[in-house]
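Pasting the structures here.
You will see two complexes here that share chain A, one where it goes with chain B and one where it goes with chain C.
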Partner chain A sequence: MTTPSLIWANSGDSHVLEPQDLFFERMPRALAERMPRSVKDPDGRWETLHIDGNSWRRRLPTRPLTDETGLSQQDKAPGAWDPELRLKDLDGEGIWAELIFPSISMWTSSLTDPELLRTGVSVINDWALEFQQRSPRFVCTAHLPLLSVEDTVAEIRRTHEMGFRAAFFPVEPPPSLPKFNHDVWEPVWDVLEETGMVMAVHIGTEAHDAGVINGQYHRGPGGAVLNYFETSFGGQRITAQMITSGALERHPGLRVMVSEGGATWGPFLADRMDEGYRQHWSAVRPKLAKLPSEYLFTQVYASFQHDGSAVAAMSAMGWRNVCWGSDYPHIEGTFGHTQSTLRGLFANADPAVRERITVGAFAELFPHVPPVPVA
Partner chain B sequence: MTTPSLIWANSGDSHVLEPQDLFFERMPRALAERMPRSVKDPDGRWETLHIDGNSWRRRLPTRPLTDETGLSQQDKAPGAWDPELRLKDLDGEGIWAELIFPSISMWTSSLTDPELLRTGVSVINDWALEFQQRSPRFVCTAHLPLLSVEDTVAEIRRTHEMGFRAAFFPVEPPPSLPKFNHDVWEPVWDVLEETGMVMAVHIGTEAHDAGVINGQYHRGPGGAVLNYFETSFGGQRITAQMITSGALERHPGLRVMVSEGGATWGPFLADRMDEGYRQHWSAVRPKLAKLPSEYLFTQVYASFQHDGSAVAAMSAMGWRNVCWGSDYPHIEGTFGHTQSTLRGLFANADPAVRERITVGAFAELFPHVPPVPVA
Partner chain C sequence: MDDDDSSLHETPAEFMNAVATLTGRCDGQSVIRGAQGYAVGCSCGWRATAATGVEGLRAAVAHTGDEA
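Coming up: the complex of A and B.
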């Protein structure tokens, strides 16, 4: 028996956990106290969220979520917080470079003061840059002060100059602003295209009240899986908005990455947009130079973890921008079984398809990243 | 030059327009007046909906919706109301048998009186049976009085005995009742399985206020196409509910058809449910005997009109239950270009894939329908 050689893969979807005291260490105390902060009750059953002078009480799960092997997120990824341990985790799994999303940002949609958000975001990004600099394999996403278009444009410029190559976008803007298909966002698309920064969308990031656990759309039998599926819709909506509004047509250099939402939705959305575009023609505004599908197939990328159909979304449906992602260190990801997942996914795939999904599509977005080791 | 031979296809998605005076002809006047009724202003710019003593004013579109060839629905399908003209339309297009949905039912989600709904539904179904009896190619769906589980069970039994082989389900029940993943619906799944009636779901049938045009979720640039895409989510949600709640596991003879929402979402949903099921294992209730994908691939069917990727959803992703549908007489459908659509879809497809999608999957659901003519 020989040990099968490692399949190296870049990850289009990874996460870093910021230190809990980040804001208190790097902001004036009066401002830090207004940033999102969670305080758990001594018995661990409730937490209190403090955000800009408001508080929300949330009941915590009575036991940690575990996967089918009985492992929780805490068990799975010892290097979630530490860059050195992280690289050891990645080497063990065969994960090479990573597009890394912030964690703390899931709360910032509850901030309503643009100045506070701008200051907090710059602190997150300064810290993320330090993390990124620990390895050329880390591609951190810049967090953005989306309460102001002007601030967003400025932070994209600032972070690009600092060395960021991607900016994190939630699937929808703060509730006080128009959705991403509206023209108010045009300066943001301009600066993304000008700098070459990738628009890195992560699913499950709908704006929501801080007191509500995000993503609990369905209740009753099957609820856990129903909610899991529902989160993918937001990534599809923002993709459709960027295409049908003409934003991608006006910015042919702008590239969108949709992380964690799977990939097979891409050809489906492409066909469905084309059908609506042609059959509801008289109601379509703006008209586009090409069919909606053509923008999706060229300027949109997506990452999946386990989906067998995602390989066929490239090989049989022609979407070359399918990327694999580990979702490290989250429980929805592949930590602990990355190699068996990759072997299963590509057992019958053309080597060129495997190369494109594990390495090539990611490298096209981030050509500065060193190539994967020769296996 | 030779004329290419006709590709005959069954349609998993067609519609009939009930006569406007149906309720007044067949119900006591006092009841008929409470059924949904639209009265257009003389200038044609507004309509008033009358439903059970309430009225809603709705602005009508200033010009009819047209497709990219400039044709509106009125131009496209002269046989929409008349069974004889309809058969001529179908013969011209190469459409053989049809699964036919009611039109009037789109309003009945605004009814709140179970007795009124029960009576109205029986009138619709009595009329639909007469329509169905005009040709063995017509497979009409029974409309259901969903305000009461008991009434629904009784109407499924009654219509099955009358000769119906499918029952129409909106993507969600009336707002006063739990969603379809809840156990209150179990007697309905029981009787569907017992009778062999196909659960025929049509997208775009969310319960909504009568005064609101259903399906206007997005506004601004790209809105028409965004709303078109959004309507497909309801069909995916009900499919996931039927699987993750265990309804399809408990009723292996129950088959679900999801019409007009495309088909490539099937393998995507299958993979995504499996991922959630395995990775969020500790939160999953009920546990199922098989992975969610296995129920979808065996007991769920779906119809699409134009989507090229739907053919690959069968040939490359293994979902054998992909059906084509004409959506006759609606503008989202293929009337006027059915043969060129079918030729394009199957130009490079294996003949067995083409046979399954155009004929076989439909025939599996409705084996009583006579076979398509030899082309």
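Coming up: the complex of A and C.
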């Protein structure tokens, strides 16, 4: 099969690096000091993260984390900090539009003061909007003050009116609140459906409660790979919660994107949920109008970057909502080898499958984004 | 750029994972506020308590022997 000389692709998973002084620039100092900040020891051997009175101290590695080519994150993406350079990076890679997640903002899951979180979130979103306005190719996710359902609903309305079309969700709510399958979150699902905001979930965002190390940090042989693959499961759990609780049935207009977690988990999870639904029927509550798999195949999307089996999730397993993602500018991403990655992934794929995964699924979620150029 | 390698540009899970896979010894400490003061812990298993966050950090630094 022939492939175009340049494969343009939308990215269902990218990141922006907020300036470290963001909170000190835009919040009263007393509040800014409680927001996430990083301080390195003068000798560069240790780094301490301070978040609302709690601290995490980390021995800095003598060598940065690198990929198999020996490149670190900083080597790889010159446009990580600058929107104009970023567009040059994207053009060079063949990446068109991006669903963009925050970075520093993910650490606000460690905040426990609803008022502080509400104020900090509004600062983050105001800054993210300025970034988004630099190009119609940028689709920034709105951050949410999840410590309060009422605040969350209000921020979804505010950010939608500002121009956001997706809202960032961690894979689980703050530890003080019920999981996402509980009815307390119903007003949030209501407003997401009403506004059309996409529920954009990013893996690896479990609530960061360092008092409990979440029970999923492997040490010893294999640790690096074990820890990476563990981050995949949160996206699957929240998907199952949204489906089995009936949230997606009650809100047929609500769409969920799970980013960076691969894709073949979708058909697998669909099978597992259907099996439980049928075989444990007498215990199943709520009863759904359709099998769980049908909600997954229609209302849930997923992005992957390198996964060799991901194309088959659509071509062989029938999940049309598979979306490619670059993970720019992170080290797990494709910067520097996007075209070779895409060529490898789609070497034997039907052009319609390639078009759907690289362009169509993303465009379905974000129809306001200009179409990709003709290669 | 000075802050290129800030841990805040990793996800919290990536940060904790990195600590867990460094050397397996005293690679990370936490100083966490609780009802009875601050709980101080180290990835080597060492635990302590402190009345304030500042005291907790001081104890963590003393534990690793890396005075800032």
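As a convention for this text, the second predicted complex is superposed on the first by the 364 of 375 C-alpha atoms of A that agree within 3 Å, B and C clash if a C-alpha of one lies under 4 Å from a C-alpha of the other, contacts with A are read in each partner's own complex, and residues count from 1 in each chain.
The definition used in the following text is that contacts are C-beta pairs under 8 Å (C-beta built on N, C-alpha and C of every residue); 3 or more make two chains touch, one makes a residue touch a chain.
Since the model is a prediction, treat every value here as computed from it, not as a measurement.
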First (chain B), second (chain C), both or neither touched by A:H306: first
First, second, both or neither for A:Q236, with chain B first and chain C second: first
Partner chain(s) touched by A:G220 [first = chain B, second = chain C, both, neither]: both
Which of chain B and chain C A:S55 touches, first, second, both or neither: second
First (chain B), second (chain C), both or neither touched by A:R45: second
In the superposition, chain B vs chain C on chain A residues touched: B
First (chain B), second (chain C), both or neither touched by A:M199: neither
First, second, both or neither for A:H182, with chain B first and chain C second: first
Partner chain(s) touched by A:V123 [first = chain B, second = chain C, both, neither]: neither
Which superposed partner A:Y228 touches (first chain B, second chain C, both, neither): both
Touching both chain C and chain B, counted on chain A across the two superposed complexes: 64-65, 218, 220, 223-224, 227-228, 230
Of all residues in chain C, those that touch chain A in their complex: 1, 3-24, 26-34, 39, 53, 56-57, 60-61, 64, 66, 68
Contacting residues of chain B [partner chain A, same complex]: 63-68, 70, 178-179, 181-183, 218, 220-230, 232-233, 236-237, 240-241, 243-246, 262, 264-265, 267-286, 292, 304-310, 312, 315-317, 331-333
Residues of chain A touching chain C in the complex: 17, 20, 36-38, 41-43, 45-49, 53-59, 61, 64-65, 74, 81, 103-104, 106-107, 109-110, 202, 204-206, 208, 210-211, 213-214, 217-220, 223-224, 227-228, 230-231
